[in-house]
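Down below are the structures I want you to see.
Both of the next two complexes hold chain A, though its partner changes from chain B to chain C.
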Partner chain A sequence: MAYVVTDSCRGCRYTECVTVCPVECFHLDEEMTYIDPENCIDCGGCAPICPVSAIHPSWQMPADKAGWVEINRLRAAETPVVNAKLPPLPGADERARRLAS
Partner chain B sequence: MSVPHRIAVVGSGPAGFYAAEALLRSGVPVAVDLFERLPAPFGLVRFGVAPDHPKLKQVTAVFDRIAGLPGFRFVGGVEVGVDVSVAELSACYHAVILANGASLDRRMHIPGEDLAGSHQAGSFIGWYNGHPDAAGQSFDLSAERAVVIGHGNVALDVARILLKTPDELRHTDIAAHALDALAESRIREVQIVGRGGVERARFSPKELAEFGDLAACDTGLDPDDLPGGVPEPTSEAGVEARANAEILRAFAEAGGGAGKPRRCLIRFGLEPLHLAGDGHVERLHLRRPGSDATVALDCGLVISSIGRRTAPVPGVPYDAATGVHANLGGRIQADGVPVPGLYACGWSKRGPRGTIGTNRACGVETAAAVLADLAALPAPIGNPDALVANLANRTGCSIDFAAWRRIEAAELARGQAAGKPREKIVTRAEMLAVAGEAA
Partner chain C sequence: MAREVVIGACPHDCPDTCSILTTVEDGKAIAVRGNPDHPFTKGRLCVKVNDYQNRVYSDQRLLYPMRRVGPKGSGQFARITWDEALDEIAGRWKAIIAESGAQAILPYSYLGTQGIINGLNVGDPLFNKLGASVCERTFCDSGSCTAYMMTIGHTPGVDPESFVHSKYIILWACNTLSTNSHHWPFIEQAKRNGAKLVVIDPVRTRTARLADWHIPIRPGTDGALALAMMHIIIKEGLTDRDYIDKHTIGFDELAERCEAYTPEFASAETGIPVEDILKLTREYATTPPAVVRIGVAVERHAGGGQTVRAIACLPALIGAWTHVGGGLLQLPIWAFPVNWPGLMRPDLQPETMRVINSWALGPALAGEMPLDPPIRALFVYNANPMAMVSQQQTIERGLAREDLFTVVSEHFLTDTARYADIVLPATTQLEQADIMFSWGHLYLSYNNPAIAPLGEAVPNTELFRRLAKAMDIEDPFFFRSDDAMIADSMDWSSPVLAGITLEELKQKGYMRLTMDAADAWAPHRDGNFPTASGKCEFKSSLAAGGNFVAPLFRQGYGGGQSGEPVDPLPHYLPPNESPRTAPALAERFPLSLISPKSHAFMNSNYGNLPAQVAQAGEQQAVLLHPDDAGPRGIAAGTPIRVFNDRGTFEAFATLSPDVMRGVVVAPAGFWQRSNQRGPTVHALTPTAFADLGHAPTFSDMLVDVAAA
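Let's look at the complex of A and B:
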């Protein structure tokens, strides 16, 4: 069990999640963040703070996002830890508005 | 390298540790003394997080790493405001950060609240979590029904611990005295009551959903509270409120009747009026807000969980309206003017809200304020090392992080013998003895 970042993050990468993670379990690449399931303690702090609702608990994944559990596991192992907020990717706000509508 | 700035942080819960981390990792030469009134660190991670939520407690591994950072020192067993004043700290440190949490329960202010059998959640939670201040408490678990007042996660913790079987709790780090008492409990029903409706409840969906998975307890709603069933979420409902509504609808449909021996009812739209009983709680009277309709519940235990506030610290301006140290973005303010060198962090800065990690962002913000002000703060006249040595004489104990590690090693060894992850030592005297200190 762990929380899982899904493709809704891709292209936004707001990193609000990173600021409230108590255990520094977020990793990132050029597109999005990933949660290391080995370190996540299921505190649930990241999910409600995500501006695009990209984060879900692994036990409540939307059916079309189930593949992201494994992607997070794999990508977290290959990418560096991020422990402070970064500027969102260019165009993030516009994309977030589109996702919300 | 210049002489480091010296900073005192008061309170070793998540907020204190994350503030210390943000300072120590800033690249600015600082040394942090983390003051804690108990011989054991970690605040609500040790004494608040429920024993059946062990995964959350893994965060202490992060605090252990922070404690290993150069410049960090743990000063346990020293109560700021009692053993040492804020003024004394301010004289020895460039900056003082108060991260002393929200240790006071808000009271309902209704007649009968002080009857035996009526308690605030903080003392019950402290009791099952082995807090030294609550170790001597006792709770009457002999009546069939208990009522928990409040619609937050703390209320859920209290109800869940009352409703779990000894076998569900035996292999957690619950305090031994609590496990023994709960094993004899005759409580068969817990009602969780709140004034508001479904949408106003502040449960986390994850914690609410746990009530669908209890070994010996069915969870349901009372049809009287929601005659039309669980309402559809309004447009204002957030993600969590929507998830809660879905979970509650499932509880309502299950009807609370899978035939398990214990029952939980989550109730809405009920406002406590008064508690009645002959020297002991026998009945809780409630009313429907906005109407004359009243409801009476026979019960032998009432635990209120309607909020918490920060304990004021002598010499620190207090915002009585919000129940925190008066501050703006972490800078303590007296009548709207910042008090140089005095800061707040965590629940004593922003109130009792958020998850453990919210304190990390909060610690970063307060540390940034300290670092921005540092150059302008006057050099302290006193010596922090002399003060800490002097405090050991004053309190009769000297608990650094190594001493805590000795306490922890003893707890882990006792836990292993008992089939638990940890057997907490619940009195200050025994903690000091195990740490190698005279009690």
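Let's look at the complex of A and C:
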């Protein structure tokens, strides 16, 4: 069990999640972040602070996002840890507004 | 749409007491989240509480009083009114008191909620006034508390936030990431600052995986390690002589006592190589500030009390207390100026009370204990003993007695509540007000009610007001409002509450006690231990009075203590049940079983709720080393039976080298009547007490495992 980052993060990558995670379980590539399910302690701190609501618990995934459980597992193993907040990707705010509307 | 955010505090029996923000829309709680402003809990909750609103609105909630209409344990109930329930309870209690005396009534509770006015002591004044039997509630930390009092007194110890200053951190029998997770960022910060983190645990827990050094130790042998560490510190001159001379008593006797506890002795007991014991000790003694965080588990074996005695001596021996971030962290609860006598009201007790220990519930109910009068009425609140207390089958036999009148106040129809004659509905934390201490940080918290009570559920405070009225009590003390009870619950004249008002506390939700900040807190730099001598007592003066349980765990009653002789110096007591100490038993049951807290449950809380049950893996899992599973023909994920002479439970095998060979791990919390469908791990746990404070010994047992 773990929390899972989904495609809503892609193109925004706000990394607010990283500031609250107590166990450094976030990884990232050029597009988005991923949660390492081996380290996640299910504390849930990241989900409510994500500006685009991209993070869900693996036992409550929206049906169309279920594939992201495995993607997080695979990508977290291949990508570096991110433990400090980064600037969001260009166009993130515009994209977040679109997602919210 | 009316939308508001209400600030509260987590009610659970956990050190972290998180600040919670509940979003309420049109009177309904729609979400909870951690409060990002809280300096310790920092905007996170945990796997248990993240969806607390689903606990509140669960379709399993008990919302009305009910009376049993089927056989005991059948779970068949019919709704009645509160008046009917109270009339029946008071009628039965009065008749029992008239015929047998009030001691035939036994209250039974612990920390289903740990709010100060609804928690540990809420029923004590009523049962003290009635003269009922005292339930000696030694579920948790009682052995540690006795040992701690004997050694360094009731000190808050190291501020958990001061850990950022520590350079050597030992988490001893403490799986921080599962049971104290909001402490972790302070430990991680210390690591970033260059601290070394050591975890001592039979299991490579998720916490141990993140440590610099995990030291596996055989269950129940921690005392041997602590005594050997003292042996080495003394022998190698790693002591702080100045600190010892000024702020301790009994050093010469301690040194003599520790001579026998060589590294070789400890290695044979603990399974830790001699060189590792030497390295650990030398690093600990020479890397200031050094701090030890003990968990609750360290007391749960035959020598648990003396283990904590020995660990509590270590910091003074090396002068660790002279540094911010150096010393020992056990229970910072002692920093809170709680008005314990005002909560418990021992002054209302008759001169002598009959004391029945919480772990003896089975024999006490089932007639297997000489009790005159026998227990004829049981009142359970804040507890689910059928899931969490040893001798499960005996408890079940007792609860099934037709002549036992059982009342249970609960959120859900637990394994225990199923046996009730009357069930009463209790509110959750979102439906009640409370003031909260913490045993893991130094913030006083206030829980504002977020929503109105559901159905006819009432807070425990209201429950006991109604019971007092039904029992014809007239003393206005029993009819104070929650606000008055909250105001009475603390000693507001205490310096640690200077500048803290209830009004401000309600508004902010939490306030740090008025003490030195975490970067200056060094409470025993100059001694000042709250012991009889004011010093750290290697040789304990309290030992002269014999074994005792802190009155806090006995409704304030100080009489009738067991008083067995206690050695004033720390010493080693091996486990009752281990291959080394009980070889004949180990022929039949060669594996040591420990039953730690589940990552997803809070004791048995959430053992019935889908989100947490899913996260606990749906079924009881038991962790085995592959080398123990292989010869038994057990494959990963397959059903197994775990058994000893006391009982059997069913589980599924998880195989991993993360557990020591010869040790099996069965996290507790599943209910018999939810996913477990049969006895739980506590069907196997022993009934013996640890050496101090009547702590349980359920990490001190031998079992065997077989494919089911």
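Definition applied: the second predicted complex is superposed on the first by the 101 of 101 C-alpha atoms of A that agree within 3 Å, B and C clash if a C-alpha of one lies under 4 Å from a C-alpha of the other, contacts with A are read in each partner's own complex, and residues count from 1 in each chain.
In this section, a residue touches a chain if its C-beta (ideal position, glycine included) is under 8 Å from a C-beta of that chain, and two chains touch if they have at least 3 such contacts.
Here the structure is a predicted model, which is why all the values come from computation and not from measurement.
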Room on chain A for both chain B and chain C (clash or fit): clash
Which superposed partner A:D42 touches (first chain B, second chain C, both, neither): both
Which superposed partner A:V20 touches (first chain B, second chain C, both, neither): both
Stretch of chain B penetrating chain C in the combined three-chain arrangement, among 333-341, 351-359 or 369-377: 351-359
Overlapping contact positions on chain A, where the chain C interface meets the chain B interface: 20, 22-24, 41-45, 48, 57
Parts of chain A lying in touch with chain C, wherever the complex brings them together: 1, 20, 22-24, 39, 41-45, 48-49, 57, 59-60
Contact set on chain C toward chain A in their complex: 31, 33-34, 36, 42-47, 50, 177-178, 181-182, 184-185, 188, 206, 210, 599-600, 611, 614-615
Chain B to chain A touching residues, read off their complex: 14, 18, 55-56, 58-59, 61-62, 204, 206, 238-240, 354-361, 364
Parts of chain A lying in touch with chain B, wherever the complex brings them together: 19-24, 41-48, 53, 57, 84
